[in-house]
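Common to both upcoming complexes is chain A, partnered first by chain B, then by chain C.
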Partner chain A sequence: MTSRLRIDDGPLPALMGLAGIAALLLLIEGLISVGLLNPFIVPKPSQVIGSFYRVVVEENVLERFVLTIKECLFAVALVTIVGVSIGVLLHRVSLLRQATETWVAAFASAPVVLMYPLFLVMFGRSALTIVMMGFAAGLPPVILKTIEGLSSTRRVLLAVGQSFKLTPRQMFWKIQLPSSLPAIFVGLKLGLIFALINIVGVEFLINFGGLGQLINDLAERYDLPGTYAAISFVVVVSVGFFMIAERAERWLIR
Partner chain B sequence: MSVLPLPKAQAAADPILAVDDIVMEFPTPDGVVKALDHVSLSVRAGEFLSVIGPSGCGKSTLFNIVGGLQRGYQGRVSIGGEAVEGPHPAIGMVFQEESTFPWRTVLQNVEFPLEISGVAKARRQEMARRFIAMVGLGGFENRYPAELSGGMKQRVAIARTLAFEPKILLMDEPFASLDEQTRLLLGDKVLQIQQELQQTTLLITHNITEAVQLSDRILVMTYRPGRVKRILDIDLPRPRTSETIGSEAFGRFVAQLWSDLRDEATRGMDEQQELMRNAGRGP
Partner chain C sequence: MADTLGAPSRAATRAAGVLGPVTMVRIAIVAAIVLIWEAAAASGLFYRDVVPSVVAVARALVRVLADASFYWHLSVTMLEIAAALAIGGTAGLVIGIALGGSRLLSKAIEPYLYYLGPTPKIIFFPVLIMLFGIGPGSKVAMGAISCFFPIVLSVAAAMRQIPLVLIRVGQSFRAGPWDMALKVYIPAMRHPIINGFRLGLGIALIGTLLAETKMSNRGIGHLIIQAYALFDMPRMYAMLIILFAFAIGANSLLARAGKADGTMG
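Presenting the complex of A and B:
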């Protein structure tokens, strides 16, 4: 709502953000130099930046990057379609909702990543396992927020629809769904974060493809600057997805 | 203003809307609230009827019943002699609460009923623009409701309902958040449209002058339970100019309504305070 009215501050906020990160990195660099932080646990930011080139060239980062992004895309697409559908279903059938809503909420805070052995058994050591783990982790917030959005549709808007004699189908597509989109997007953004964490985590754990595996490799080789460089790439993926989500949100919700 | 009095023959025709002995009770945690108590009313085609009464007397409830949005009442509502079950295509409603769609522009909001009835895009945009201009929002077509003032949003809602071109228009305090000048101008506009389209209009208002200025008849309701206290025939000539408003006859109607409403409002406030005191004494 308010974002629509936000006055464009130009590039200032972005610059401030970047400056903040730069300042933090400088601080860490300083703390390590004076010996307050152990360089064998936290490498110097300058070393990390210095290792970017090496990691990119030697470790096939681009390929891994694309793989992780693909897994994320599939997981998010699944989360969106299945999550919103389940949310709609639970909102419609109140018995079902009352029976399951608490469970869904509980599932949202469960450490889904620990279920990876089960998924390995079901889907094998493949990208599918990783996608499904991301999907499972991202699903609950989308379901919960979809239900919340649908049930908080203002009564008077429904009354407007009724007075214009909308069919139930029109009521859903023209009033209930658009009025719930802001809440659904909150769920999707949360789901995206959960999915990404779990995707990279499982890549790491089962040592299969993507940036997670790279982090694992580099950490096992005790290449700390490289490890942190690889983590930076995960951050880039996350930021990228977030920006896409916000674009989509602004385009859909006005 | 090209407002002509209605042809007598039309005004005398059968009631287009009949409300017959309506009783509406709401169950609440503190017992049953009787919102409407044997309310009957009949409205002629093309008539402009205002409903006036103290807050909480059941005006909105009456409109919701007539609009087919409220069930569980006793009695009967009929339109053109036909009993009403659910929303009737002849009825268009403007709600008391803010009811624009925040995800649609002004134009898309006003287009909405036309979109639902399948009017082609170019045609419905053209029609919507006309109604937007009518409520004085020309130039705001591509704004979103969040960018408008309360009164502007209310006008969008009015335009949206007008675009539905209902035979019977129910408006629940549509001018409440407008300043006096805009209120007068918009009241005039609605009246003009109403007479052009031969629309039957029911208007809930708290503004006595406005009611007398616009209406053929005024229904005064009592405080809870809502009953018909009086139906006042406003037989002032039309168009009602500023001269009419300054006239003695106009003043008499206003005075009459004032005293009716003061009685009811006083009773309402006393009862409500009594209720709160009793509640405070409870366990």
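Presenting the complex of A and C:
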């Protein structure tokens, strides 16, 4: 039992995971080499790895990456301003909150990304469409988490504020908002993730913008190793982005 | 029975025009949106038909619902989503049980699944077209990949929460892996499984429909993008309304299934 615990807790699981991925890539390489997999459908992993440098240098990956991140940051800035403001408004006006909170929750689970043709019509095939799609996707969690954070301010903190005879404005800025920041940051993290997913997805779908468009471009040119390399690049960027967001959230909540 | 007796009195209250303040606010919000929309449509500020009048959208909605070919496209999309959920859900269930049952496997593989889960799956679509063609196969694959992640993660998490006593009872009866899965694991974690499938359904729907909008000649996604390409805005708005109603309806049906099971269990 003790030895099993040691195996589970040591570096073995992580090494096993990496070894599993390496074995899978080697298997695919082997299957393509012996002709069991069609190289015109699945390129060799060695070719994909080899085309990384070409894709990065020739396809301006860094510029595209910066563009996608910029779109994402614009969307999140909008989400922060609008989402937190709506959250505060709904928290303050109880009747409005009762009337609309379920709508916001329904909107959070609605397939917002499918509205991209509508956004295309309204904002044209431009970066604004992409930013607005990110904004629409990231808005509901920020509203809901802001309401949750403001509603869960501890009574003792409010009582302290009252004992200092704080005005409602001071109560909000000095007690309610600071105490609700952890919840708001959770909402912002979710909003950031939803915005990024939608932004890359819409870039791909409308063939405009940064990393999403790169995949579409390479696929349309039938550059298979390049397409796979670009997809891997986007996956790495997304995973890195989520890991950073998670660490930042933990650091802020600490 | 109580409901049946209560119904006339509620109806009478409504008929008397006594609506709660929350309902009044909701009606006011909807009315304000419709009025602003109509004003925008009549203002001529927007390019032709970008904001069509509510009446035009309602007419288009009736036309779409009266069109027999719409139901054929709807059935194609529904079959694609059902196949995607069956494939992605079964794979998620089996792999989730394996991951939840083994700490070693879970620590080796689950972090990859956890971080791959929120990546935009639509970027894999060019690969799926290569593998499965431009027909329904690639849409089913897109939906299956999309719904696999939430299902596998919720099943793996649920497996770890099964009371140990249930597993020991199964083992004491010398149940094999198949019997353990069917008679112990799955019944013990039916609520998280239903929730996982609910999440998976929503995501499979998005994946399948997005794939249809990107490249297809059938399905609701194809109809939406066709309306966009022909600049038939009332029809496009009507399609989006139907699509959202369909998505929210399917989601609430599964939510009710989960609740009904919860009350019985």
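As a convention for this text, the second predicted complex is superposed on the first by the 176 of 254 C-alpha atoms of A that agree within 3 Å, B and C clash if a C-alpha of one lies under 4 Å from a C-alpha of the other, contacts with A are read in each partner's own complex, and residues count from 1 in each chain.
Convention: a residue touches a chain if its C-beta (ideal position, glycine included) is under 8 Å from a C-beta of that chain, and two chains touch if they have at least 3 such contacts.
As the structure is a prediction and not an experimental result, all values here were calculated from the model.
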(Q) Contacts for A:184 in the overlay, against chain B (first) and chain C (second): which applies, first, second, both or neither? (A) neither
Q. First (chain B), second (chain C), both or neither: which does A:238 touch?
A. second
Q. By residue count, is chain A touched more by chain B or by chain C?
A. C
**Q.** Which of chain B and chain C A:165 touches, first, second, both or neither
**A.** first
Q: Answer with first, second, both or neither: which of chain B and chain C does A:157 touch in the superposed model?
A: first
Q. In the superposed arrangement, does A:139 touch chain B (first), chain C (second), both or neither?
A. neither
Q: Would you check which partner chain A:117 touches, where first means chain B only, second means chain C only, and both and neither mean what they say?
A: second
Q. Of all the chain A residues, which ones make contact with chain B and with chain C?
A. none
**Q.** Touch list for chain C against partner chain A, complex
**A.** 21-23, 25-26, 29, 50, 103-104, 106-109, 111-112, 115-116, 118-120, 122-127, 129-131, 202, 205-206, 209-210, 213-214, 221, 224-225, 227-228, 233, 236-237, 240, 243-244, 247-248, 251
Q.
Can you tell me which positions in chain A touch chain C when the two form their complex?
A. 7-8, 12-14, 16-17, 20-21, 41-42, 95-96, 98-100, 106, 109-111, 113-118, 120-122, 193, 196-198, 200-201, 204-205, 212, 215-216, 218-219, 224, 227-228, 231, 234-235, 238-239, 242-243
**Q.** chain A contact footprint on chain B (complex, rising order)
**A.** 64, 67-69, 87, 89, 91-93, 95, 97-99, 101-105, 112-113, 116, 144, 146-147, 164
Q. Given the complex with chain B, which residues does chain A contribute to the contact?
A. 1, 4-5, 154, 156-157, 159-160, 162-166, 170, 174-175, 178-179, 181, 253-254
